[in-house]
Structure formats: structure tokens, C-alpha cells
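Each of the next two complexes has chain A plus one other chain: chain B in the first, chain C in the second.
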Partner chain A sequence: MISEQLVDLSRLQFAATALYHFLFVPLTLGMVWLLLIMESVYVMTGKVIWRDMTQFWGKLFGINFALGVTTGITLEFQFGTNWAYYSHYVGDIFGAPLAIEGLMAFFLESTLIGLFFFGWSRLSKPKHLLVTMLMAIGTNLSALWILIANGWMQNPVGAEFSYQTMRMEMIDFWAVVFNPDAQAKFVHTVSAGYLTGSMFVLSISSWYLLRKRDVEFAKRSFGVAAAFGLASALSVIVLGDESGYTVGEAQQTKMAAIEAMWQTKPAPAGLTLIAGINETEQKNDWEVEIPWVMGLIGTRSVTRQIPGINDIKIKNHERVTNGIIAVKALEALRQNRNDVQALSTFNATKADLGFGLLLKRYVSDMAQVTPALIDRAVNDTIPRVVPMFWGFRIMVVLGFAMLALFGLAFFSTIKVAQEKKPWLLKWALWMLPAPWIACELGWFVAEYGRQPWTIYGVLPTHLSVSTLSVNSLYGSLAGFIGFYTILLVVEMYLMIRFAKQGPGSLGTGRYAFEAMNHEAANGTGEKK
Partner chain B sequence: MEPVESKNINRNSRRLRIHLTVAVLLKLAALVLIWWFFFREEAVDINADFMASHLDIPAISQGVSK
Partner chain C sequence: MIDYSTLKIIWWILVGILLIGFAIMDGHDMGVGTLLPFVGKTDLERRVVINTVGPHWEGNQVWFITGGGAIFAAWPVVYATAFSGFYWALLAVLWALFLRPVGFDYRSKIHNSTWRSVWDWGLFIGGAVPPLIFGVAFGNLLEGVPFQFDSYMVSTYSGSFWQLLNPFALLAGVVSSTMITMQGGAYLAHRTEGEIQRRTIIGAIGAALLMVLAFVAAGIWLQFIPGYRITSVMDTGALADPMNKTVIRESGAWMVNYGKQPLLWLLPAIAVAGALVTAALLVARRTLAGFVTSSLALVGVIGTAGASMFPFLMPSSSMPGASLTLWDSVSSHLTLGIMFWATVIFMPLILFYTSWAYRVMRGKVTVEHIQANEHSAY
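Now for the complex of A and B:
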């Protein structure tokens, strides 16, 4: 049996590197569209301030991209190094979108980003704009494929298990591509990225306005970020609702945990705003609920019920019991592939094979399974409720706070009154970390909520890990944490340095702090 | 674009470009070092029989047909 320590360390390493990677990704996804908007205005109007905006924000985008690139490679390599059994089991399906994502990210996206930075003096205005447009599309397409891969982990469609190769095999590529979970996840995630890019530009522009420097530059940047951010915030919330619907369809356990819904409620279920969760007794000591809302989000109807955790456990008990039969039939088939009876039994029960495999955490031989062990496996199918419940709510509160901020910022832009509302500018400045916190929490809810599975209902996490030594995992984890901490410090240093310099860092002679920048460019140090 | 402006942009950008290139190279070196020290010797050989053994399921007795 696999050591629990090995499983926990492997999960911790993947979580740490994935969460770190996603500090960079949303900013890239969002900034690229803001650059496209700014450059489009430049090409249409010929006003040089819009080119300066594209180049200055493009510089910050470039710093983020350069420091973020290769943090994704770590994740892809970890599928081989730390999750070798996972890669074998589902590589036939998971590998295809992952490979396309790699090609998109490393070739299309990187090439176009290179053209964006080095093409200003080499390409005509329309051609450079075309490059920026393709860069935006390429960046988002790259996200599409990784989210198709992740969507399949949440809702494994278009594949079936082969007892001969001991792996899942793809039977319908298009079902994988058009997986509703993947589509909902893609639009929700990229919208969150757009929101992050908008918040970044809005916050830094607000800081310039508060300090009354580069005012025309900052007002225009503020306006673009406010408009794009408002649209993005609305889309994140609407698409998040859609994501909730698909989660409700495919992963009822995750939905029940997010809602701390222990019992099935009469339809349409109410949305629990806050609750005092008692996991030991599996109940909520108190709760504040809005009637109907959860039923409408989760089922799009007023008559269909959303199952509670206790009913899901009853259903999962049947699936674990059925899964034991599937594992035994698989064992018989592996010993004699001409065993017709075993094949027939296996085909009838293989949908629950993953649930049977949950017991391998406790026992090697299925003949030794006891009712108590089945109960433990059933309990394992429910993720911890408290982190799911509060992680989701903090994300949602931040989402609505950002919607309010962008709404007011957009309104003040229409009224050309950005500078007259210092409270709004300060609010925008202090909200800078909000989209990152929301994005990380969103991923936490999606991934932690899928536990105990790497592939929902198919492959338990504890069977997915490579049999590495614990010392290797401790060492590499320390290496990643140290290395990534240094990278983060460098990123913050460069971002703050260039944000402080502002458009003056372009050296055009049109902005504040030019003298400082010239000294910096000449290597004579900064002065304030 | 004015020549002086272009010169300033180039100077400032060159410095940033060097910083970023060094950062990317150091990142790649760090990743190689982590792999070299912690994963190089730990390669996991995977095929159907290894997978079966990992799941405590017997290896196929009459050969694997693909």
C-alpha cells in the first residue's frame, strides 16, 4: 500500500507549484486584451499616448510573462516525476490536450510575444496590431487546452477503461473537447484573468492619480481598465453561476460540500450564506439562508432536488460495493482473459471500478474488505466541508466587491471625475491583491473539492502518485519553495520598480521622472 | 520615432532585457538542478503490469494484447 506521507507530500508539492504558477497566468490572460484595446485605439487615432500606454503596460506584461514562464513546465514535468501512475492510467486522454497546450504556450504564444516586443520598429502599425491580436488569441487558446485537460479530471467523459492495458482509453475526442465542465471552467477562468489584468492596471493608474503624476496617461489607463474590468466582473459572476450548474450536474459531492448541505432539502433548495458548520456531528449548528437560490443555480429548475451529503454517501456506498465486484472481476480477467463470466461482470460494474479502488488505501486483498472499511471508503468520498464552504464564500465576496469597484470606476470615468474621488482611487489601490486571492481560492475549491480523486470517480489520488522516496519529496519541495520565493521577490522588485517609474521608463521625454529613468538607464542609480 | 527617444528606449529596455534573460536562464538551471538531485535516480518504469502491480492486481497470465 502507498504511504500516506508520500501522497500528502506529492499533493503539497503539486499544490504549491500550481498555486504559484497561477500567480502569473491570470495577469497574462487579462493584460494581453488590455494591450490590444490600447493599441487598437493608437492605430485608429494615431495618438502617441496610446502607443506609450501599450508599451508601458506591455513592459509590465513582459516582466510577468518572463518570470512566469517555466513555472508551468514544472507542473507538466511533475505529471511524469511525481504522478507517473496517473500519467499511465489517463495519459491517453490527458496527454493530448496537455501536448496541444504545450505547443500553444511555447511556440505560438512565445513567438507572438517576441514579435510584440521586438516588432515595434520593424512592423507597420496594422501588422503590429495583428501580432498583438494573435498574441491575445494564442494566450487564451493555450489556457483553453489546459482547462480541457483539467475539465476532464473533473468530469471524465469520452473515455473507458481497458483491462488489457490497465489504463483509460479515449473513445471520443470531441466529447473531451466539448466537455461542459471544461467549457464552463475555461470561460470562468479566462474571465477571472481579464478581471486580474484590469485590476492591475486600475490599481496602478489610481496610484498615479493619487500622486497627481502622468495624469492624462493614468486617466486613460484607468478608463480602459474600468470598462474592461466591469465587463469581466459581470462575466466572471455570470459564468461562475454556469460553472456552478455544471458542477451540480457532474460533481454533486463538491456542490454539497461547498454548500455544507448535509441533508437533501426540498426543491428548490436555499443558498446558505453563512453557517456554523459542525463536521463532527455532520450538521450546521446555525445558518443564514436565501430561499430558492441554490436550487436555481444548481439545477435551473424549481422542482429538481440537489442531493445532500448524507444521501450522496448512501449512493456512494452502493458504488463502493459495486466497485469491489468490479475489482474482483478485473483480478479474474488479469489471471485469465478468456474468463467470459468475469468479463461480463466487469463490463456490468466497471463504471464503479474507481470506487472499489478507494479501498486499496486500506487493504490489498479485496477478500479482506469489511463493512467498516467500506464505511471508511465512503467517508473518504466527501471532501472536508469547512475549507470548501469558506473558500468559496471568500472568493464570491471578493468577486462582488470587485464588481462594485469596477462599476463605480466606470461611472466616474464616464463623468470624467476619476481624480475627484480619492476614496475610490484608494479603494482601487488596496484591492490590488483581491483577484489573485479569488483566483487561488477558486482553484483550491475546484481541486480540493475533487478529493479523494485525481480523476473524479475513476482514479483515487493515493493510487496516482509515483513511488518516490519521501526524502526526495522533502528535498525537492524545499528546493521549489526556496527557488519560487526568490523568483517572487525578483518579480515584485521589478514590477514595483517599473510601476514606480511609470511611463517615464519609456524614455520618451513626455512623462514624469524622466531624469530618474535616464540615470537608471545609464546605470547611475535611482533617485527620488 | 525620434532618434534620441529611440536611444533612451533602447538603453532602458536593454537593461530590463538582460535582467529577464538572466532570470529565465537561472530558472532553467534551478529546475535542472532540482531534477538532477531529487528525481534523476527515481524514474518510475510504467507499463500495464507495473500499473496492475501498483493496484495490487495480478499481472496478466496470457500476455497483453493491444
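Now for the complex of A and C:
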């Protein structure tokens, strides 16, 4: 059997590398569109300040993009290095969107980003704009294919298990592509990225306005960010609700954990705002509830029930019991492919194969399964409630706080009154970390909530790992965290330095703090 | 729909094309990185070198990413077994590659000689380490890798990282390193002038000659290394089950294909001739032609390795019957078909916009160019 420590370390390494990667991705997703808007205005009006805006924000975009690429390389290969059994078991389906992402999207984005930075003097204005647009499209298509892969982990449609090859195989590619979970995740995730990009530009512009420097530059940037950010904030909330709906269809367990719904409530269920969760006794000591709302979000009806954790467990108990039969039949088939009896048993029970495999965490031989072990496996099917419940709520609160901010920012832009409201500018500045916290929490809720599965209902996490030594994992985990942290510090240093210097870093002679370039060039700058 | 056996062959060729594309495109960036500290003596010279690949390395690196994705999609069990088995080797590649995006983008953003020198060596590591390790990995594939499967198809690797560094594999590493340096040198010579170009050409010629020596030596050595041969009848259209055959290890098995199909000798011949002609062309300053012949040499080297091992992808030394071949380690018929069409549609587009990007940025990169673009150049 696979050691628990190996599984935990492998999970920790994946979580750490994915969360690091996701610090950079949302900003990239959002900023490409802001750059496209700014450059479009430049091409249409010919006003050079808009080109300066594109180039300055593009510089910060580039600093961020470099680490997005660095941390992204890991993720393309980590399924193979650390999740070998997963890769074998579902590569037939999961590998395809990853490869298509490379062919269709990442090539486009990465080839054109070079022209975006270095092609200004070599391309006509419309051609450069086209480059920026294709780069933005490539970036977003990239997210689409990654989330198709991820959506399949949450809701594995269009595939079937084959006992001959001992893996899942694709039977319907379009079902995988148009998986409702994947589509809902895509729109919600890219909207979150747009919001992150808008927040970044809004905050830094507000800082310039508070300091009363580069005011014309900052006001325009503020306006673009406010408008795009307001649209993004609305869409992230509306589409987040849409992904709540699909979660309700495909993954009721996640929903029940997010809502700390221990018991099934009569329809339409109320939305629990906050609660005192008692995980050991599986109940809430107290809760504040708004009637009806949860039922509407989860089922789009007033009559359908959302199952609570108790009912999900009862159903899963049945599936685990059934799954044991499937595992036994599969093992017989692997010994003798012509065992007709085993094949018919297997075909009758294979829908629950994954639930039987949950027991492999405790015993390798299904003959040794006891009722107590079945109960443990059933309990494993529910993720821990406290982190899900609060992680989700913090994300939502931050989302609404950003919506309010962008609403006010947009309103003050229309009235050309940005500079006159220092409280708004300060609010915008202090909210800078909010989209990152919300994005990371959203990712956490989606992936932690999928536990104990890598592929929901199909492949348990503890079976998915590579058979590496625990020491290898300690070494690589330390290496990744150390390496990434150093790079993150370097990135933050550069980001803050260039954000502080502002558009003067372009060396055009039109902005404040141009002198920093010369100081730096003469080696008398802050960095010695 | 194309039948399963044909698709399996097509995918062997497509992965080969992706590997060759990676070697030609990302390879020349890595070669430039390898040469960087040696052909650029001053900060300005180094910026010239870096900016020859500055607008392109990002797109070129996607050959590596897409290669990984394509192996995942087309040969999932190879992706799983190779990358988990070669765990530390692959991590060393990844960690070396980490230094490139930040090296390129961050290096010239700060005016400080220590800062810049650190990133220059980072770019050197990011350019030199991956090709070396890929070569060593290929050497190990030719020797066979100790892995086995249980009835659940869980793979276990019973070797260690240090075992990968055996003499034959290290020689394969030298072949790979020198060919990538030659490739980078030919490219860099084409995009630079004067003193930088002169130093680059010396380096590239040295790399080309060394590559020929190492490649020929490895070829001779290969005669004495036991290869692998399938002894059962292979149903090429069957479902992918790598445990359903018998394989033996025997000396000379890697030469069998050349006996059956003498035309295959063209591949090693192209490798050697390509490198020698590249050296000659670079002496004559015919840099673009040199880049083309150097690319042909890469086709020859990678083709030679593939042709020797066909149909094996990853032979197992500890459980030869579990060796992974292009017949039994593939994805399902449907997935191979979909991925084939995706490649047929997108690969020409990629080649189109990549060549457009190179055309836009064509011409020599000079010291004056860097000085004029102080704030925007890398």
C-alpha cells in the first residue's frame, strides 16, 4: 500500500506549485485585455499617452508573465513526475486538452508576446494592435483548455473504464469539451482574472493620483480599469453563481460542504450566512440563515431538494459496498481476461469502481474489508467542512467588496472626479491584495472540495501518486518552495521598483522620475 | 477514421517531429544561452547576444511544453513512467529552465553588474543543462531502464539518479550538448557581426567537430550494448496493453533495423555530414546555410536514435516484457485520431506565425541597436 506520507507530500507539492502559478495567471489574463483597450485607443486617436500607457503597463505585465511561464512549466510535467498512476489512468482524456492548449493557444500567446514587446518600431500600428489582440486571445484560449482538463477532473463525462488497458478511455471528445463544469469554470476563472488585472491597474493609478504625480496618465489608466473592472466584477459574481449551479448538479458533496449542510433541508433550502461548525459532532452549533436563497442558487427551483451530508453518505455507503464487488471482479479479470462470470459482474457494478478503490487506502485485498473500514471510506468521501465553508465565504465577501469599489470608481470616472476623493483612492490602494486572496481561495475551494478524489468518483487521490520515496518528495518540495520564493521576492522587488518609478521608466522624457533612469545608468541608484 | 495501427505509426512520427522541432527551435535558444558567457565579454555584447533570441525564446520554449503535452496525450504510460522514473533528472531540467524566463526578462531591468552577471550564468545553466540531461536520458533509453508494472499497471522504478550517469549515457549527453551548441552557434553567427560573430563561429565549429567525434564513438559503442527485440507476434491494431508480449535483450538488437532497411544508414550519414558541412559553411561566413545544415544534422541524430530503437520507446531492463513500444503504450484509437487532426490543423499555423515573427525581427542585432533601445531591449 502507498504510504500516507507520500500522498500528503505529493498533494502539498502540487498545491504549492499550483497556487504559486495562480499568483501570476489571473493578472496575465486580465492585463492582456487592458493592454488591448489602451492600445486600441492609441490606434484610434493617435494620442501618444495611450501608447505610453500600453508600454508602461506592458512592462509590469512582462515582469509578471515571466514568473507565470516559469511556474507553468512545472505544471505541464508534474502529472508525470508525481502523479504517474493518474497520468496512466486518465491520460487518454486528460492529456488531450493539455496538448491542444499548447498547439492552439500557448504557442500563439508566447510567439506574439515577443512581437508585442519588441515589434513597436517594426510593425505598423494596426499590425501591432493585431499582435496584441491575438496574444490576448491566445492567453484566454489557454485558460479555456486548462479548465476543460480541470473541469473533467470535477465532472468526468465522455469517458469509460476499460479493464483491458486498465484505464479510463475517451468515448466522446465533445462531451469533454462542452462539459458544463468546464464551461462554468472557464467563464468564472477568466472573469476573476479580468478583475485582478483591473484591480492592479486601479490601485497603482490611485497611488499616483494620491501622490499627485503623472496625473493625466494615472487618470486615464484609472478610468479604463474602473470600467473594465466593474464589468468583470459583475460577471465574476453572476458567473460564479452559475458555477454554483453546476457544482450542485455534478458535485453535491462540494456544495454540502461549502454550505455546512449536515442534514438535507426541505426545499427551497435557506442560505447559511455564517455558522459555528462542529465537525466532530457533524452539526452546526448555531447558524444565521436567509430563507430560500440556497435552493434557488443550487437547483434553480423552489421544489427540488439539495442533499445534505447525511444523505450523501447514505448513498455513498451503497456505492462503496457495490464498488467492492467491482474491484473484486476487476482483479479476477486482470488475472484472466476471458473470465465471463467476472466480466458480467464487473459490467453490472463498474459505475461504482472508484468508490471500491477508496478502500485501497486501507487494505490491498478486498477480502479483508470490514464494515468499520467501509464506514471510514464513506467518511472519506466528505471533504472537511470548516476550510470549505470559510474559504468560500471570504472569497464571496471580497468579491462584493470589489464590486462596490469598482462601482464607485466607475461613477467617479464618469464625473471626472477621481482625484477629489482621496478616501476612494486609498480604498482602491488597500484593496490591491483582495483579488489574489479571492482567486487563491476559489482555487482552494474547487480543488480541496474535490477530495478524496483526483477524478471525482473515478480515481481516489491516494492511488494517483507516483511510487517515489518520501525523501525524494521532501527534497523536491523544499526545492520548489525555496526556488519559487526566491523568484517571487525578485519579482516583487522589480514590480514595486517599476510601479514606484511609474511611466518615467519608459525614458520618454514626458513623465516624473525620469532621473531614476540616469541614476541607475550611472550606477548611483539605490541598487549597488 | 484512420485505422489504429497506422495512427500509432503516425504518432511515432509526429512525436519525432515535435522533438526535432524542439531541438531546432528551443535548441538554438539554449545553444545561444550556452555560448552567452563566452562570446559576450562586456555587458553590451551580452545584451546583443541575448537580444538575438529575445523576441523568440518564449515561443520556442512552447515546443518543449507542447512536446510534453503531446507525449501525455498520445503515450500516457510513457509520460507517466519516464517522468516519474527520471524524477530528479526531469526536475533538474525544470529548475534549470526556471532561470530562463526570469533571466531574459529581469536581467537588464537593473543596472548592476553583479545582478546582470548572476542572470547571465542563469541563462547559461538554463541553456546548457537541459540538452545535456536530455542526451543522458536518451542514452539510458537505449540501454534500457529498470521499471516494472503490477497488475494494476502501477509502475515502479528501481534505479537511482546516479545510475543514469553511466559512461554510455554521458557520451550521449555530450552528443546532445554539442549539437545544441552548434545549433545555437550557427544561429547566433547569423544574427551578429564583428567580434561576437568571430568568437561564436569558433565555438560553433568546435562544437560541430566534437559532436561528430562523440556521435561516431557512440555509434560504435552501440554495437556492443545489448538492445531489445520483441519475440512474440505483435498485433499492431490491438488495445494498448504493454504487458502482452515477450521481449529479449541481446547484443546487436539495435542494429537489426539497419540490416532490414539499409536506407536508414542515411540518417547517421546526414548527422555526420550535416555537422561537417555546418563547420565548413561557418568558416566561409555562410551563416544562414550553416543554420540549415546544422538543423539537418539534428534531424540525423534524433532520427538515428529513433530508427535504432523502433518500435521501442522505453525498454525495461528489469522486466523486458513490460517494455513500452509504439504499439502498446498509446492512447485509445479515438484520442489518437483527435490529436492527429488537432496537430494537422495547428502545426502549419504555428509554423506560419513563427516564421512571420522571425521575418519581422530579422537582421543583425548590433551594439548600436541596444544603445538606441536602452529601456525596451532585454
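Keep in mind that, in the parts below, the second predicted complex is superposed on the first by the 517 of 528 C-alpha atoms of A that agree within 3 Å, B and C clash if a C-alpha of one lies under 4 Å from a C-alpha of the other, contacts with A are read in each partner's own complex, and residues count from 1 in each chain.
The rule is simple: a contact is a pair of C-beta atoms (placed from the backbone, for glycine too) under 8 Å apart; a residue touches a chain by one contact, two chains touch by 3 or more.
It should be emphasised that the depicted structure is a prediction, and the values quoted were computed from it without experimental measurement.
Steric overlap between chain B and chain C is present once the structures are superposed on chain A.
Set side by side, chain B and chain C differ in how many residues of chain A they touch, and the one touching more is C.
Contact with neither chain B nor chain C is seen for A:400 once the two complexes are overlaid on the shared chain. Within the superposed three-chain model, A:365 lies in touch with chain B and out of touch with chain C [touch as defined at top].
Of the two partner chains placed around the shared chain by superposition, chain C is the only one that A:104 touches, whereas chain B remains out of contact.
Contacts of A:67 after superposition on the shared chain: both chain B and chain C are touched.
When the two complexes are overlaid on their common chain A, residue A:170 makes contact with chain C while staying clear of chain B. Contact with neither chain B nor chain C is seen for A:430 once the two complexes are overlaid on the shared chain. Among 5-13, 41-49, 59-67 or 95-103, the region of chain C with C-alpha atoms clashing against chain B is 95-103. The intersection of chain A residues touching chain B with those touching chain C, taken from the two complexes, comprises 62-63, 66-67, 69-70, 73-74, 77, 81, 84-85, 87-89, 164-167, 331, 334-335, 466-468, 472, 476, 479, 483, 487, 490, 494, 498, 505-507, 517, 520-521, 523.
On the chain C side of its complex with chain A, the touching residues are 54-59, 61-62, 64-66, 68-70, 72-74, 76-77, 79-84, 87-88, 90-91, 94-95, 97-98, 100-102, 104-106, 109-112, 115, 151-157, 239-241, 331-332, 334-335, 338-339, 342-343, 346-347, 350, 353-354, 357, 360-361, 374-377.
Partner chain C is touched in their complex by these residues of chain A: 55, 62-63, 65-67, 69-70, 72-74, 76-77, 79-82, 84-96, 98-104, 106-108, 110-115, 117-120, 122-123, 162, 164-167, 169-171, 173, 331, 334-335, 466-468, 472, 476, 479, 483, 487, 490-491, 494, 497-498, 505-507, 517, 520-521, 523, 525, 527-528.
Every residue of chain B that touches chain A in the complex is listed here, in rising order: 1, 4-9, 11-13, 15-16, 19-20, 23-24, 27-28, 30-31, 33-35, 37-39, 42, 44, 46-52, 54-62, 64-66. Taken in their complex, chain A has these residues touching chain B: 1, 59, 62-63, 66-67, 69-71, 73-74, 77, 81, 84-85, 87-89, 121, 164-167, 327, 330-331, 334-338, 357, 360, 364-365, 463, 466-469, 472-473, 475-476, 479-480, 483, 487, 490, 494, 498, 505-509, 517-518, 520-523.
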